[in-house]
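So, here's a batch of structures to check.
Both of the next two complexes hold subunit A, though its partner changes from subunit B to subunit C.
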Partner chain A sequence: MVEDDMPKIELLHVSKTFDDGRIVAADDITLSIDDGSFVFLLGPSGCGKTTLLKLISGLETPTSGSILVGGVNLAQRNPEDRSIGFVFQHFEIFPAMTVFENVAYGMTVRGYDEESVEKMAREALHLVGLDNRVLAYPRELNTPELQKVGLARAIATRSKILFLDEPLGKLDPKIRKSFRYELRRLIKSLGLTAIQVTHDQEEAMAIGDQIIVMRQGKILQYGSPEDLYYHPDSIFVANFFGETNFLEGFVSEVKPESCIFHLHLGGPKFQVNLKHGHRLQNHVQAIIGYRVEDVELIKITRDDHVSSEELDLEDKPTLNTVKGRVKEAIFIGPIKRFIIDLENGDRIQAKHSSKFLVDIYEGDDILVGFHENPMVFEYPKDIRAELSKA
Partner chain B sequence: MPAIRLENITVSRGGKQILHGFDLEIRDGEYFALVGETGAGKTTILNLINGLIVPDEGRVLFDDKDITKSPVETRDVGMVFENYALFPHYTVYKNVAYSRRVKDRDVNETRKAAKEILSLVLIPNRDDALPKELSGGMQQRVALARALMCESGILLFDDPFSALDAGLRMSLRIELKNLARELGTTVVHCTNDVEEAMMVCDRLAIMRDGRIVQLGTPDEIYYRPSDLYVASFISDVNLFKCDVLKLEKEQGLYVLAHKRGNEEEAREFRVIAPERAATFKEGEQVLLCVRAEHFYINHGFRKKPNRVHGVIDDIRFLGHVIRYEVKDDFGRRYKIQRFVNAKTKYMKFYKGETVTLGFHYKLGLLFECPAEMELKQCDNL
Partner chain C sequence: MSTQPSEKSTMAELSRQDTDAPRPGLLLRLEKHFSKDKFRIALDTSTIGFFLFLIIGPLISLVGSVVLNWASIYTTVFDDPITGSIQWQIMGTVLGRSFEIAAIATGIDLMIGLPMAFILTRYQFPGKNVLDTLVDLPMAVPTSALGFSLYLFWGSSMGISGLLGLDQGLFSPGPMLITLTHVAFTYPFIVRNLKVIFQEQSKLYEDAAKTLGAPGFTVFRTITAPLAKEGIIAGTILAFTRSLGETGATIIVAGVFETAPMYVVALKESLNFPSAAFLSMILILISLLALMFLRVFSRRVGFPVSKVVPRLEKALSTRPVRAARNTIGILLFLVIVLIPAMYTIPYVIVWFAENPYTHTTNNTVLASLFAPDNKWAWLWVSAGNSIAIAAISTIICVLFGLPMAMILVKRKWGKMKGLLDALIDVPLIAPTAALGFAMYLFWGPFGLNVFQPGFWLIIMVHVAMCFPYIVRPIIAIIEKTDPELESAARTLGASSLTTFRTITLPKMKPGIIAGMIMSFTRSMGETGATIVVSGLIRTVPVLIVDWVETRDLAAAGFASLLLIIFSFVVLLLLRKTMEQSYGGR
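Let's turn to the complex of A and B:
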């Protein structure tokens, strides 16, 4: 076994079926996870993310295909392999044992000598910041501390790989947000390769290096948070992260790098840039997507002309604009959110930092600006399925 | 629609006081949010309003009418729970019509009301479906329709969206708010998500350990938080322990000095806080708090008031927000959130780069300096 580069994880054509092949939980999955990467598995419930985690961790065996960990087939590894740590949502902590005993227990059972157990357990508890709770009982701890015990136990044996199944699922949102960065810092400082299952997109983006989006047992897209956000391959992924206005229409004058997009219901035309190698054809139905924070709002002054300063004309010579009316302006701390009815009947949302005092209110008639680089998709067969997250 | 008043309420459970001398007034037709962590006492307040709990002391009033001792069924308050709580073997229509049927109403009248409400909450032609055949969002709409059948004009929401995914949550919040506004219903909405509360409510109360820490509009709570707990409940904050060098009372201008470790020269901060002009004196210690989203970030080293310098330690991309962690020479960490969109995403910062952080003098928050013990828990002090 090559211990040094052990954590690189590779899946080759891995499938897993249940119920005599009637349920396909993993469908011909090939992927590679780099050493030291913090990877998130994400997708609607029943998409196969938990099955995939179980396959990689050896808790399930694949129906076909192979899984290599550090170049060694997982099937040949000892399931008791101490180089893999687990953290669960429900902590799985023994209530009658102290914090220290909970962390030490697994190592004692595996036959480590007393001295090593003491040293490793204390070191792990120090790393998660529980030095002063070593002798406490679980009932004396709060929820984040309990999860830290779970973490300490997982890293105590100096595992190189960590599997986490919704480890922050039980925390209140406020604590959850600060704890997630602590978790990332710990995993990074220990140089672990970690795979976490979550249903929280924001969490995955906030602390993951890479994200795997799954659906119906297949990998839809695998990339960095930035890749998935700016270059989604599908409407589903575009809709899964962030908030997006999807506008329906058809395209004309399709060229390798651009086209004209006609907003439906007789709406205006947009000049739109296309990615090289696109497969759009003239006069087909299409959908374009704009992130809510990219929608510009331009106040129409009383004599109905737009001041060039607000339009920022130098930057954006062909900003596509549509008339609209502000249905709602909502203030949410750092963010100002607007709901706008466009003149063709589409309803869209816009979001801006409240640091910039946007002088726009409910009932205002405005110009809505759409840049030239939206996400462009062919009209899917089943639009409702693409736009559902469940 | 009625106003709700809780007067001097005390509630104990198992020898533990959950609420003590608690007062709250919710206005007629208001959308009111109760925000706090688990165990802050939010659900207890809902149960006082719907009648599931009778207080040990104090009174509950609907429009000046004392209903403290009125049983649950006579109050007829609509409830929506996190887990929908629908009757699984009843159809959508039966679930919605149920509350009126039990009160022996005219069948036709009930049918008409239920149909109206179902169309109001946008459940088209699923009257005969069973809850399990519907998506989570649809089930919550059915629960909402059922709650709207109540006749008191009061709706209580106990964390209604937490089981739904982010996108659905967002659209349902806006729908719910508009619906309540249209109908003029008095709503009390409990959540531990302050963003959700701010999106839907007219006013909100931040609760902690059975007390209201602050009550106000979203704007007041965000820009004038009463203490550090409220400030840090809403977003990440950066803290500086400072001495008040100078105070110009008329403008409310504070000149602060911040010095750490073996640093020779103190850093100078200027903050304008007219509402705090009488709170601190020259020579006193104060805690300066800067929200992560109020720090702006610039390349390189610039020495001016209201600036902090450091090296970028981590960059996280969260879509419309980029979060930076900056570490200074003393190992202290600062959190910065930058709003990014198509126009600003090209301005890039890199890990390891030296940067200057700054904030506008009107956006610094001043609080009393807490005890050493509490300070130790703040990670950048």
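Let's turn to the complex of A and C:
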């Protein structure tokens, strides 16, 4: 059997425990992955992403639940009976074989004839650009070359799915960045369905079609990079990507599509729009979040003793404003970063292109402008846990 | 990775296009078939079954037969109508002697071995490798050859006393000679153990202590020794039990003085089976206790760390004291261990064709070998036996040791594995004569009656002895290998057996070869248990014992020399293999 069509991947209530149930690596996971998409499993260390990858690829068996790949239940087949490609974090190149023998291994052990083996191996090596290292042994190769061997070996058997376990983890940061695009190009040109594990959110956003954010064995959110970035479901996910300012307070005048948000510690009131189906009620605590690049900084001169409400804001009619003082202004080349103490005591950060804020300095009193569409969250039971990155 | 636009469609085509469907050859198909779970279970079961039969069976049957025949044993040992409880008294005496000798030998070894271990780990000098190999040499010499060598050196007129002009050995066969012998062959064990401990020690701790002003000896007592205590205790217990159980060399140098293992042999030969069984059981129980103690308690025992006595310790740390310590360490090694152990070599050379005293052919090697009783022929027959037995035992050990090693490393059986692991070491610690007798009872005419004393019974015994020597190195290598390599092979479609053949086995090769060499050498040198089960067959070590008993010293010397040379060659081979597998990094 050469290849199977294994387009869609489905997991139904899959759980995986170790050590007699003491360690829960995967907790009742249900998801489905479309044919041809490049999906990332993203999360902090220990969240279960590598376990999930091994479950889907068949290297581990679930404690409960079922996994279907192309409609076929995995429980009925061993990995060696299926056609999958797996790229390992530490490459796992067989040390006693040449590059060619490594790449040819998947065909050799399945009994392909010599001609086919040669042809398929050489194609794979050409695709990754290792035509000239064919007879070398792994110990003669550098890290990027070893990574390519691992990749070539995994795609040589023409399987339709590729699993990658932090494949770029061992590369230098600069090479990582250029490789990631090559990787995506290769996967797309071969029309593969690919699932990659990473803890690097930038990588996931840059080349992933879909991202699955995991934490402590559960899936927190599953969507495109934009979905996750602009519409995070939880504070944890909001905090995981980019940088967010979180403001605590309570809500009043709750309507289906808007409410008034009172910043805590006696801060001003904001006009805030809400999503359909929100579950906020009057006078409950809540948290709103603004990305650091979404915070407006408005300069006021020293002799304007103006309160937030009275300021004339013709050109920004829908902006909530708070007075604040610039505690730090940090120049980082194309970007300028600001740390600002708001008048109610909250401290926030703002990040903007250096070009547009030439005249705001440390010690300045400014107005900070917040738009009316922040991320809105119910106040969590354990705020510290939500805000941690683990 | 460069992909031209025109290649894009080709690649997309390729990934959907079918190459000729694979037709796996016979080997791959067989491997796939036999990779199924039911075969794995069968292999596991037969491996464990074999092991149980091999080691546990005889031990259990020994205890069992003691229990079942308790009445008769009680009578024979404690309440014989004629001799009363004399058997018990004798047993008590020989046990006491064995303990005493073991304690003294181990103590001496610790004292003279410690400086040597220090020299070998903390200093660099030309010729260090040579010294290192020399220290290991007594381990490479089969015990009876070693015993003979030591007997020659200390106990006969042709050794050191000859040089001093005496016409009798310095020590006649007896306890002193036995102790010296035990010191010699346990020395490498202790030094090796101490070396490993010192090497593992972070020198940084010692450096830190020195920067804080502690003189060398204080550093040793307060920093190095406590950290190393676990290993030192383990090594001491190991050496102690080794000495306790030593039979082969002891028989040669003991004369009429008997140690416990020797008494087992004597009892068996006088057909006093109840007593032999009883004493064997006691000896084995003691060694099992030692094994348990080793595993459980070594962490908890404290080391006496008394107050620092600055002046004395400073005095002990000065240069001249250190130099003296080093010199004495090396000297003692040479005089007490190395030279006596190797004494056979000059002896055989000198006495080869001409008697150096009378200048005739009396008592020369040649005369002895080619005398009318045809010892020469016997020697070669025995050598053939030894080699055949060693080869067959080693092969059997590999066949069952490989799967056993895999089980111990890879199967997740929890507590059972720990037990199995401990049991593998039993043949290393139990006295060979006792083990040999247990196996004789189990397999021989009084037990299952499968084997008579002779060739195959010897092989069974040797398999039991050599088993740990094969399993341990293989385990060590498997543990060092990255398990993900096998996952990688599986994702590429290789069945378990194919993965084993193409990936795992090549990596294990150095471990397997090292194990085979150690097992072969062990078998070639095995004496104690072999004496019990050999019947009329002779292996070279047993032949040596025979010839010493009949005072055919020259012939015994020659046979010993052959064994020694053989073992050296094998030891060199072993070092070469180890270097190859670790040097290629």
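The rule is simple: the second predicted complex is superposed on the first by the 351 of 390 C-alpha atoms of A that agree within 3 Å, B and C clash if a C-alpha of one lies under 4 Å from a C-alpha of the other, contacts with A are read in each partner's own complex, and residues count from 1 in each chain.
Heads up, the rule we're going with is that a contact is a pair of C-beta atoms (placed from the backbone, for glycine too) under 8 Å apart; a residue touches a chain by one contact, two chains touch by 3 or more.
As the structure is a prediction and not an experimental result, all values here were calculated from the model.
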Message = Looking at the superposed three-chain arrangement on subunit A, would you call subunit B and subunit C a clash or a fit?
response = fit
Request  = Mind working out whether A:P173 is in touch with subunit B, subunit C, both or neither, as first, second, both or neither?
outcome  = first
Task = Considering only touches as defined above, state whether A:E226 meets subunit B (first), subunit C (second), both or neither.
result = first
Partner chain(s) touched by A:H283 [first = subunit B, second = subunit C, both, neither] = neither
Request  = Using the touch definition from the top, say if A:M205 reaches subunit B (first), subunit C (second), both or neither.
outcome  = first
Message = On the A-aligned overlay, A:H13 touches which partner chain: subunit B = first, subunit C = second, or both, or neither?
response = neither
Request  = Quick one: classify A:K255 as touching subunit B (first), subunit C (second), both or neither.
outcome  = neither
Ask   = Once both structures are overlaid, what angle do subunit B and subunit C make about subunit A, taking C-alpha centres and a multiple of 10 degrees?
value = 80
Task = Identify the partner contact of A:E123: answer first if only subunit B is touched, second if only subunit C is, both if each is, neither if none is.
result = second
Note = Minimum Cα separation between subunit B and subunit C after superposition, in Å, equals 8
Note = Interface residues of subunit A shared by subunit B and subunit C, listed 185
Request  = Using the touch rule from the top, collect the residues of subunit A that touch subunit C in their complex.
outcome  = 1-3, 57, 59, 78-86, 88, 90, 92, 94-96, 105-107, 109-113, 115-116, 119-120, 123, 127-129, 148, 153-154, 157-158, 160, 163, 182, 185-186, 189-192
Request  = State the interface residues of subunit A toward subunit B in the complex, per the touch definition above.
outcome  = 44, 172-175, 177-178, 181, 184-185, 199-202, 205-207, 224-226, 229, 239, 241-243, 291-294, 312, 315, 328, 330-335, 337, 339, 351-353, 355, 371, 373, 388-390
Subunit A partner contacts - residues on subunit B that touch it in the complex = 37-38, 135-137, 165-168, 170, 174, 178, 192-195, 198-199, 218-219, 222, 232-236, 291, 293-294, 314, 316-320, 323, 325, 337, 339-343
Inquiry  = Which residues of subunit C touch subunit A once you look at their complex with the stated criterion?
reply    = 1-3, 7-8, 11-12, 14-16, 18-25, 28-29, 32, 35, 482, 484-485, 487-496, 498, 502-503, 506-507
